[in-house]
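Worksheet: one structure, shown below.
Chain nomenclature is as follows: A, B and C, assigned in order of appearance, with residue numbering initiated at 1 for each chain independently.
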Amino acid sequence: MLSEFVDGKRLAGRLLPSSFFMLSCMILSFIFIDAKPAYTLPLSHPGSVRAIPAFARKYGLPCSACHTAWPELNWFGQAFRDNGYQLMNDRDSPIWQNPSYFPITFRITPNWHRENTNHQAVDSIPGGGAGSVLVDGTVRQHGFDLSGFDLWTAGTLFKNISFSLLPSADSTGAFHFENAFVRFDNLFNSRWVNLRFGKFELDNLISEKRFLFLSANGGLYQLYHFVPVGDSNTFGLGDNQLGIELAGHSINSYTRYSVSLLSSNDGQVGLPANRGYDTYLTFSQAFQLGSLGLQRFGAYAYIGERPTFSQTTSGAPIAGTGIGNKSFYRVGFSGDFFFGKFEFLPLYMHGHDNVFLGTATPSNQPLLPGARAPSWNGGFVETHYYYSPQLVLTQRVELIRMAQQAFPSTPAAAGAPSIPDNQGNINAYSVGFRWYPIMFSRAGLAWHSEFSIVKSIGTLPLSGNGNGLPPLSPTAGVWSNSVFTGLDFDF
Amino acid sequence: MKRKPIFVALFAASLILLFATRPTQCFAQIDIHIHTATNAMESHIHGLTGEAFGDGQGRPDVGAQLYRRYCIGCHGPNGDGNGENAMWFDPTMGFAKPRDFTLGVFKCRSTPTGMLPTEDDLFDSITRGFVNTNMPSWRPLTEQERANLIAMVKAFSPRWQAEKPGAPITIPPETAPTVESILHGRELFDKIQCWKCHGPEGRGDGPSALTLTDTKGNPIRPYDFTTGERFKCGASNQDLYRIFMTGLDGTPMPSFSDNIKPEEAWDLVHFLRTLQVTLKTRELATFQTWLKGHPNTLKPIGQEAP
Amino acid sequence: MQARYVLLPVLFALTVTVASVGPAPAGTIEGKVTYTGTPPKMKPIDMSKEPTCAKEHNPPLLSENVVTGPGNALQYVVVYISAGEQSAQPPSEPVRYDQKGCMYVPHILAMHTNQPLQIYTDDPFTHNIHPMPKRNPEWNKSQPPGAAPIDTKWANPEFIEVKCNIHPWMHGYFAVLNTSHYAVTDNEGNYSLKGLPPGKYTVTAWQEQYSTQSQEVTVGPTGAASVNFVFKVTPYLY
């Protein structure tokens, strides 16, 4: 596996300047940060705000009380969230709070970033004039930029009724609703019965919305969005979904479960495609391991369906009438382990899409020869090193391997499609740091720097900023890397 | 090689940023000062040993590191209750100020007034939190982490080196919550004049209620029984017994251990439960049944002899 | 002739014996504590919260933060030896503090560290006695009518403010000192420290509003030394 990363001197050429930059930033940060233990200094991916300084202002707690490093929650913060944004100390109602408290926060990250993707189809003569052919080229962009913007409000409407509303914009200001829900907490006076209704993030043990990566190539978990080449499935485990969720937790949130019923539209509003429903089940259990801290492991299963065609009128599809539903699932387990200052977040996933979905064939039509249901296995291990509550170093290694392609590598019949065995396989690697110069209850600021590199066989890596065309060769390993540095702030 | 100038520029920018921000107050605000001479403060709770500073290796779980993550915003870098957020807690609106650990004076103890609490008392306090204050329940932290935090709390006051915690008071088994017990408790409430602060119906509206101040001079209100909310130091009958038999140090609530015999104390506990008219307790049910059968027989509380 | 020869040695022996035992220390330091400037006007205490006391003190008593006497005298100033003395055992006789008529009697009670202190209540209603020390452990005890006196002592020298939470006007001090040579000035501002061996001493005067002043003085073998203190007062309490 290592050989796939060490791709001869090309890799060195690619990695060296970027990693030198990252490494020196980190080293210099250490040298010039006063290193006394009790004293430290100190996307383009649409930033998902999941740190709400309004809560810190309301309760007088520092950001570090609820977050390992915002936006990632620690288990005290997770318990607060599980209780419906309540500390359960008879002091949660906002009615008689200090009028300077209002439960709205916003987050955006001005940044500089650079993307570089190879094996892209590029005209040999720009403009495509006479004699120009498509060649295997490299596409690169860099400059100062803004991330997406989040305007989040969440809290309690009433004792044991909480809410969240998150209008979110991309960097041009075009808005959508990332989440919007009402949650009835502690129903029947039991913390095991909480009912949430609306659009919300799935109860993933390892949350993509509250993680510590922002770059184009690193700011998502490949596994949470992967579908094989040619698959018509629109699902992503990291996408917020529309539906209803029943969840519960023990008094300190060491045991947690959730069961959801969701619409099969991957969280898209307006009933765009279908009349199907998915379900999602999760369970996790934490235990104390002496002085190492709290360890948690969990399991999850997403079982869903997607339509393969829809009703039509005069040949044109009618919106929202998707039929021919075929199923798919994503199952696996994950963990959150602490060893001293290190946090390890491993995840394993097995994905499987029905053959009609995998080959984008309407279910009322015959399958092409050799068609099979694609399935794949993948996993990642993410590591955080919390030098102090104000400095966290991060890295992640992620691999996806197709177990079975939709079509075999040699055509089953003359003229039938074929897919190379390794097409779509992904290797992804990210490294970065977040430094919080202030750890104040009023607002949050972090200097975020990150380097990510993704290799995808025969396809453009997810979020790689290429020109969008498939690579010239279906077996070429397409490399895309991102360098990102920005000031992540929320108020 | 076109990339170089950009990297150099960013490099320089990051250096400038680091140098520029280094001397500012942003760094100083999270330094922890310890007043005690020794760093070897430990706690022993539930078979665990908690440490305030560990072996100086900066382990993330020791008390000082945890304090810095969770506690410093209110209790402050000096452990004196002057965290950056403390000034916004308004005692006149019922927000108690954060505890000053440097004095070694604590409200919720099982030891007599004037004595240090046991480590278990402190552990229970941070596990339970304090209702109606900004002090949350820290139950999601592991027991080891809480034990380390208790060691840190101890490290802030030299009193823990000079003195040992007192011996916890002995609580006799609870007597039966009969009407006789409740009525005797009512007599005690009247005779000892608890109503001077708590009011004849326990509403916290006694004649002296409005002038009460805690030891730091901040206004403080007596507990209003009619709300039925949990006490600051627990919610059970045992906790209530302990509250008035050890007093809440640092507040106007004194200890009555010299003036109430232990058996009588249970009578007072039973009566106090009947003041919590919004809470469904067996004492309240017993009392209300009795009142229905004996209307207008009780002398009102709070009639002082001329 | 022979009697003289017998008497003289006997007398000589007696003198030597007496001389070796030594006379009891007879040095005294006396003086007067006065003020310059305009003192604050003490306000009458409103005891309507406790009707019994309001009736007892008609016209009402004045608060006792700054109590003055004839000839610009300052009362309730604690004068004590703060340096130059051998440390002694604390006396075993207890000192007594009373809660009477909703007031602390005396307003300032001076005592030696670790000297037994007894706190009595003489009133027909409940008090709580709540000393607020910074260098000694803080405690708070209730004393209903008829309660037994509280026996306690203080280990560290300190001027401890005492209050009752039920009767917020009640205000007094325990002056816990490391010496048994102390006095509290009377209404004429006079004090006297007796029984001092000859030597060089530092005398300190403390008034609850105006803090401390110190002077050095030397006491001869049978001498009397005089030390006066003058406090600069202001017309306001805060």
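We take it that a contact is a pair of C-beta atoms (placed from the backbone, for glycine too) under 8 Å apart; a residue touches a chain by one contact, two chains touch by 3 or more.
The shown structure was predicted, so the numbers you read here are calculated from the model rather than taken from an experiment.
Each step here moves to a touching chain, and the least such steps from chain B to chain C number 1.
Think of the whole protein's Cα atoms as having one middle point; the chain whose own Cα middle lies nearest to it is B.
Measuring from the averaged C-alpha position of chain B to that of chain C gives a distance of 36 Å.
Between the CA-based centres of chain A and chain C the separation comes to 74 Å, rounded to the whole angstrom. If you average the CA atoms of chain A and of chain B, the two centres end up 41 Å from each other.
Residues of chain C that touch chain B in their complex: 49, 51-52, 124-126, 128-130, 132, 134, 137-144, 147-148, 150, 165-168. In the complex of the two chains, the chain B residues touching chain A come out as 3-4, 6-7, 10-11, 14-15, 17-19, 21-22, 26-27, 29-32, 56-61, 64-65, 68-70, 72-74, 83-86, 88-90, 93, 129-145, 229-230. In the complex of the two chains, the chain B residues touching chain C come out as 103-105, 112-115, 159, 163, 191-193, 196-197, 207-208, 211-213, 215, 247-259, 304-306.
For chain A in complex with chain B, the residues that touch the partner chain are 17, 20-21, 24-25, 28-29, 32-34, 36-42, 56, 59-62, 64-65, 75-76, 78-80, 87-91, 96, 98, 112, 114, 142, 251-254, 288, 290-294, 340-341, 386, 388-390, 437-441, 447, 485.
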